[in-house]
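In the part that follows, the structures are each spelled out as C-alpha cells.
Each of the next two complexes has subunit A plus one other chain: subunit B in the first, subunit C in the second.
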Partner chain A sequence: MRRARLWRTLTPWLFLAAPLTLLIVFTYAPVANMLAYSFTDWDGVSPELTYTGPDNYVEIFTRPELFQVFFVSGYYLAASAVQIGLALYFATILSFNVRFRNLFKGILFFPYLINGVAIGFVFLYFFQDGGTLDSVLALFGHESDRTWLGSPTSANISLASVSVWRYTGLNFVLFLGAIQSIPGELYEAAELDGANRWHQFRFIIAPGIRPVLSLSVILSISGSLSVFEIPYIMTGGATGTETFVIQTVKLAFQFNKTGLASAAAVVLLLIILAVTWLQRRLVPDDRVDLV
Partner chain B sequence: MNHRKTLKTLTGTALAAVLLASGCTGGGGSSKGADAEAADDPSQVSGTITVLTHRTDIVQDGTMKKYAEDFNRTYPKVKVEFDAITDYEAEVKIRMNTENYGDVLMIPAVIQKNDYPKFFASLGTQKELSEKYRFTGFTAVDGKVYGQSPMGATPGFLYNKRIWAEAGVTDWPTTPAEFLTALKAIKAKTDAVPYYTNFAAQWPLTQWTYVNGSVSCDTEATTALAEGNPWGADGELRVGDRLLYDIVDQGLIEKDPATTNWENSKPQLAKGEIATAWLGSWAIIQFRQAAEKAGADPDDIGFMPFPARVDGKACATANPDYNQAVSIHSEHKAAARAWVDWFTEKSGYAADNLSISTLKDAPLPEVLKPYEEQGVELIELDDTAGGTVKNIDSASEVGIFGPAYRQELVDIARGAKDGDIDDFLDDLGKRWTEAEKTVGS
Partner chain C sequence: MTTPATTTTATPVLRRRVARTLTYLSLVGASAVVLLPLLVVVLTSLKTERQMADDSGALTLPDSFLNLGNYATAFRDGEMLTAFGNTAFILFFAITGTVLIGSMAAYAIDRFAFRFRKPVVALFLVATLVPGVTTQVATFQIVDSLGMFDTLWAPIALYMGTDIVSIYIFLQFMRSIPVSLDESARLDGANAFTIYRKVIFPLLKPAIATVVIVKGITVYNDFYIPFLYLPSDDRGVISTSLFRFKGPFGAHWETISAGAILVVLPTLIAFLLLQRFIYNGFTRGATK
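What follows is the complex of A and B.
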C-alpha cells in the first residue's frame, strides 16, 4: 500500500522531469549565472574575475545617459497600439463568414513565421534609396526622394513599422482564437435584439476577449522596452535607433564589460516586471462571464 | 499542502545547485607559460591538429586543403583539420572559456594582451623572432611572442584610377584639403560617388582608426594613443576623423549611407560608380575579383596612402592580420608550431592575398609597387602599449575599434543628429583621457 502511494506521489514528478530539466538548464541556470556575473567585473573571457559587490548597479544608476535610449521604445509603444488595433480589426472581420477567410488568415499570420534576421535584411532592401518602397510609391506617381533610415525620426518610424508588419500576425491569431471561443448563439441572440456588427463587437467580442487583450498589451509593452533584432540588424543602433538591449549587447561584446552588461540586463528585467505589476494593479484581470 | 512543500524543497535544491554550478565557471590557466618549440626534424613531428580559422571562403573552395597537402609534403605525419567559423570573434570568445579551442587559432581581438600567456603557448623570444619576422611586437608579452600573423596589410584609400583621371587628378593628394578638392572635382566632373562610407556594414568605418601612425610618421603612435589625447589639436585620430567629417559634411558621399551594401560596393567601385573608399590593402584582391566578375578592368583599382606628409614623405603603417597562435592546451604543440611556421613562410598565403609578407626580407606585393616608386615609407608601429589602448577604449566606452562613434560622427556631418564636430571630438578626448587615469599602466 505504501509503495502504491509513493508511486502516486512520484508519477507527476516523473512526467515533469523532462520539462523541468530543460527549464532549469536553459532558463534558470543562465539567469542565475547572469545574476552572479552582475556582481563581478568579468570581461567575458578572462579566467579571472573579481567580486565587486553592487558597483555595477551603482554605475548604471549614476549614468542617466544609459536610460535615454528608452525614449526609442516610445516609437515601438505607439507602433504596438497600431498593431493591436489592426490585429483586432482583422480578427473581428475574419471571425465572421468572409470569402477566402482561410487565405487571409494565412497571409496575416505568415510574417510572424519568418526568421527575424531575414526580415531585417529584406526590409533593408525595401527602404533602400530607389528600393522597393520608392519604386512602389513611384508607381502611384509619387516620386519619393527621401532616405527612409536617414534621420532618427524617420528611421525609428520605419523600424517600428517593420515590427508592426512582423508581429500583427501573432496578435491576430491570439485574438482570433479568443473570439472563436465565444459561443455562436450569442451573436444570433444579439442580432434578434437588433444589434449591428459594431454593437456585437462592443458588447460581446471586446469583453469576451479581455484577458487575451490585456495579455497582448502586457506583451507589447515588455516587447517595446526590449526591442532588439530589427534595429540591430537593420541599423545596428545607428542614427538614434539604439535600444536598451542593443546598448547592453554593445557593453558586453564591444567594450567587454560583461559584468556591467549583466547588471543592465537584470535592471531591464526588473523594469519589465515592475511595469507588468503596475499594469495588473491598474487593470485587474476580472473573470469574464458573458452568459 | 504536502505537494506544495515538496515543490518548494525541490526548487530550493535546484536553485542551490544552479548557484553552485555558476560559481565554478572560469578556472583553467594552470599550465601557464608553456612553449611551443619548433621541431628539428620534420619527419618526426606527428599528430592531428585542428586549425580554427575565420577564412570560411577558402576552406569551402578547397584552397586551405591544398595548403594542407603542400604542408604534408614536408610534415607527412601531421594531419591538419580545419574548423571554419563564420562569426569568428563571437564564437571563439565563448570557446575560449573552455580548453577546447583547437590546436592553432587566430587570436580573437577580445583577448587581453596580458592574458596571452594564459591561453597560448609561446613561440619564442621577441629578440630572436624579430630578426626574421615583422609584427612580433603585436603579440609579445614580457619579451615572449605568442602569435604570428601569416600576412600583413596597410590601410589606405582604394580608388578607381579611371574616374580620378577623368576628374583631372593624377597625383596623390598630400594634405586632407587637397584630398577634399580632388573629391569635389570628381563630383563635378564625373557621375561617380566621390567617397563611399559603407555606413551600414559598420566595420568599414572602424578602419579609420588605422589612420594612426600615417599622420605623424611616428612608430610610437600607439604609445601616444595610450598616453595622450588622440583628438587633441594634432592628434592622429582628430586628423582622420576631421577628414571623414568634412567628406560627409560637403556632400561627397552616397545619398543614403544608412542602406549601403558592402558586397555591392565592390563591383560599383570597379565599374567606376564609386570613386574612393578608405579600407586596407587586404581589400584589393576582393575588389579585383569583383571587377573581373562585373566585366570591369581590375587594373583600374588603385591604392593610395593617407593624405599627410612628413618632410614631404608619406608613411603607411604595416599591420598584422589575425595572429595565429598555438593553444596552451594543445596536445601536439610541435605539430601546431610546425603549421604556424610553415603557413607563414612557405604556404604563399600572403602572396596569394596580395599582402605584405611577414618575412622581413620578402619583396613588397606588386599592388604596392607605386608605393615604392613614390617613396612611401612602410613603417611598423611599436605595439607595446596596444593592450593599454584597448583597456582605455573599453573603459571609456569610446569604441575606436567599433563603429558606433564614427556612425555618430557621420550622422552629425549629414545633419541627422544635432551637434558640433569640435564639441564631439573634444568630448571623445575628454572621456579618453579620463579613462587613461583609471586604467593606469
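What follows is the complex of A and C.
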C-alpha cells in the first residue's frame, strides 16, 4: 500500500526528470554562473580569477566604445517599426479576397524560412559594387557610385533593411492568423452599417489582434537588442555595424574577457526583462494561460 | 471585395477600382522586392568565371542555364556532403529528443496534481524570458566542462534543453484530450507510462507535427550555436560550412551563390510540400 503511494508521488517526477535536468543545466546554471562571472576578471581559461566587484559594470557604462553598440540597435528598432507596419498592411489586404492570395502569402513568408548565412551572402552580393542593387538602379538610369556598406550610416541602414526583408513574413503570418480568427459576421455587420475598409481595420481588426501586435512589439525590441547573425556574416561588425551580441562574442571568445562579457550579457538580459515586464504591465489582457 | 458593391454610382466604383489596382501594385512590388535578390543569386550561380569577370552586371542572363559546374565545385570543395550529414544527425536527435521531452513534461504538468507543480511550471515559464544569445558565454563553460565542446552532442543538448516553446505547444494540445480517456485506460489496468505511450502520445500527432516543423526549421537554419560549439572543419553543419565559403572562395560569387542556393533548396522544397502545416506551426509556435 505504501509502495503504491510512493510510486504515485514519484511518477510525475520521473516524467519531469529529463526536461528539468536540461532546463537547469542549460538555462538556470548558465544564468547563475554568468552573474557570478560578471563580478570577476576571469579570462575563461585559467583557473585563477579574482573578485573585482562592480568594476566590469562600471567599465561598460563608462567606456563609450563599449556602450555605443546600443546605438546600433536604434537602426534595427526603426526597421522593426517599418516591418510591423508592412506586415500589418499586407496581412489586412490578404485577409480579404485577393487573387493569387496563397501565392502572395507564400512569397512574403518564405524569406523567414531561409538560412541566415545564405541570406547574408545573397545581400552581400545585393549591396556589392555592380551587384544587384546597383544594376537595378542602373536600369532606371541611376548610376550610383556609392558603396552601400562603406559608411557606418549607410551600412547600418542596409543591414537593418535586410532584417526587414527577412522578418516581415513572420509578423505577417502571425497577424494573418489572428485576423482570420475574427468571426466573419463582424465584417458583414459592419459593412451593412456602412463601414469602409479603414473603419473595419480600425474598429474590428486592430482591437482583434491586439495581443499578437503587442507580442510582436516586444519580440522586435528584444530582437533589435540581440541582433547577431546578419551583421556578423555580412560585415563581421566592421564600419560601425557591431552590435551588442557581436561585441560580447568577441570579448568572450577572441579577447578572453569572460568577466566583462558576462557583465555585458547581464546588462542585456536586464534590459530585455525590463522591456518584457513593461509590456506585461501595459497590455495586461495578454493572458498567460499556462496553469 | 467580399460583397458586391452596394451602390452603382460612378465614383465609388471608380474609387474601388483604383484601390484594387493599388492593392495589387503593392503586392506585386513586395513580391519583386522579396524575389529579386534571390533570383539574381540563382542567375549568378549559373554563370562561368569568365562571364563574371567581363563586368556585364548582375542582371544579365547566364550564357547557359545548364552550367551546373559551380554547384559541383560548391558541393565538393565546400564539403557540403559532410555538412548535410552532420545537420541531418543533429536534426534527428534534437527533434526526437524535443518531442519526447516536451510531451513528457507536458503530460506530467497537465495530468498530475503534485507538490511543487506550480513552482515547476514557473521555472519553465521564467526560462522563456531569458534569450539564448545572452547566456552563451556562461553556457559555453558548462558545455565545455561536460566534455561536449566540438562534438555534435553539444548542439543537440542545447536545442533540446532550451526548447520551452514545444512544451507549451504540447501543453496547449494536451488540454484538448479528454481526461476520461486516461481514466478508462487506468480502469483497464494501465499505469501512467502505458497511458502516456499508448493513449496520449499517439493522440498528440498534430502537435508533434507542429513541433517537428518549427524545430526542424530552427535547427536547420541556426548559425550561432554551431558557430560557437563546432569549430572543427569536419563538424561543419550547413550554416557554418556555408559561412566558411567566405574564406577560400573570396570573391568567387558564382561559387558562393551556388552554395547558398544548395542550402536554400531543401527549405524551398519542404515549404512547397508542407505549406499549410508550416503556417499553422508558426502561428501556433510563436504566439505561445
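Keep in mind that, in the parts below, the second predicted complex is superposed on the first by the 240 of 291 C-alpha atoms of A that agree within 3 Å, B and C clash if a C-alpha of one lies under 4 Å from a C-alpha of the other, contacts with A are read in each partner's own complex, and residues count from 1 in each chain.
Note that in this section contacts are C-beta pairs under 8 Å (C-beta built on N, C-alpha and C of every residue); 3 or more make two chains touch, one makes a residue touch a chain.
The structure presented is a predicted model; accordingly, all values stated were derived computationally and were not measured.
When the shared chain is aligned, subunit C comes close enough to touch A:121, but subunit B does not.
Of the two partner chains placed around the shared chain by superposition, subunit C is the only one that A:187 touches, whereas subunit B remains out of contact. When the two structures are aligned on the shared chain, A:76 is found in touch with neither subunit B nor subunit C. Of the two partner chains placed by superposition, A:167 touches none, neither subunit B nor subunit C.
Taking subunit A as the reference chain, the count of touched residues is higher for C when subunit B and subunit C are set side by side. Within the superposed three-chain model, A:265 lies in touch with subunit C and out of touch with subunit B [touch as defined at top].
In the superposed model, A:93 lies in contact with subunit C only, and not with subunit B. Of the two partner chains placed by superposition, only subunit C is touched by A:132; subunit B is not. In the superposition on chain A, A:33 makes contact with both subunit B and subunit C. Shared interface residues of subunit A (contacting subunit B in one complex, subunit C in the other): 9, 13, 20, 28-29, 33, 44, 125, 128, 131, 253. Here subunit C touches subunit A in the complex through residues 1-3, 19, 23-24, 26-27, 30-31, 33-38, 40-41, 44, 55, 57-59, 100-102, 104-105, 107-109, 112, 114-115, 117-118, 120-121, 123-125, 127, 129-131, 133-142, 157-158, 160-162, 164, 167-168, 171, 192, 196, 217, 220-221, 223-224, 228, 238-240, 242-243, 245, 253, 256-257, 259-261, 263-264, 267-268, 271, 275, 278-279, 282-283, 286-287, going by the rule given at the top. Subunit A contributes residues 9, 11-13, 15-16, 18-20, 22-23, 25-31, 33-34, 37, 44, 86, 89-90, 93-94, 96-99, 102, 104-118, 121-123, 125-126, 128, 130-132, 134-136, 138-139, 165, 170, 173-174, 176-178, 187-188, 191, 197, 211-212, 215, 222, 226, 228-229, 233, 245, 248-249, 252-253, 258, 261-262, 265-266, 268-269, 272-273, 276, 288, 290-291 to its touches with subunit C in the complex. Listed in rising order, the residues of subunit B touching subunit A in the complex are 2-3, 6, 10, 14-15, 18-19, 21-23, 25-29, 90, 93, 96-97, 108, 110-112, 115, 118, 199-200, 202, 254-259, 261, 393-395, 397, 399, 401-404, 407-408, 411, 414, 416-417. Residue ranges of subunit A in contact with subunit B, taken from their complex: 9, 13, 20, 24, 28-29, 32-33, 36, 43-49, 124-125, 127-129, 131, 147-152, 155, 235-240, 250-251, 253-257.
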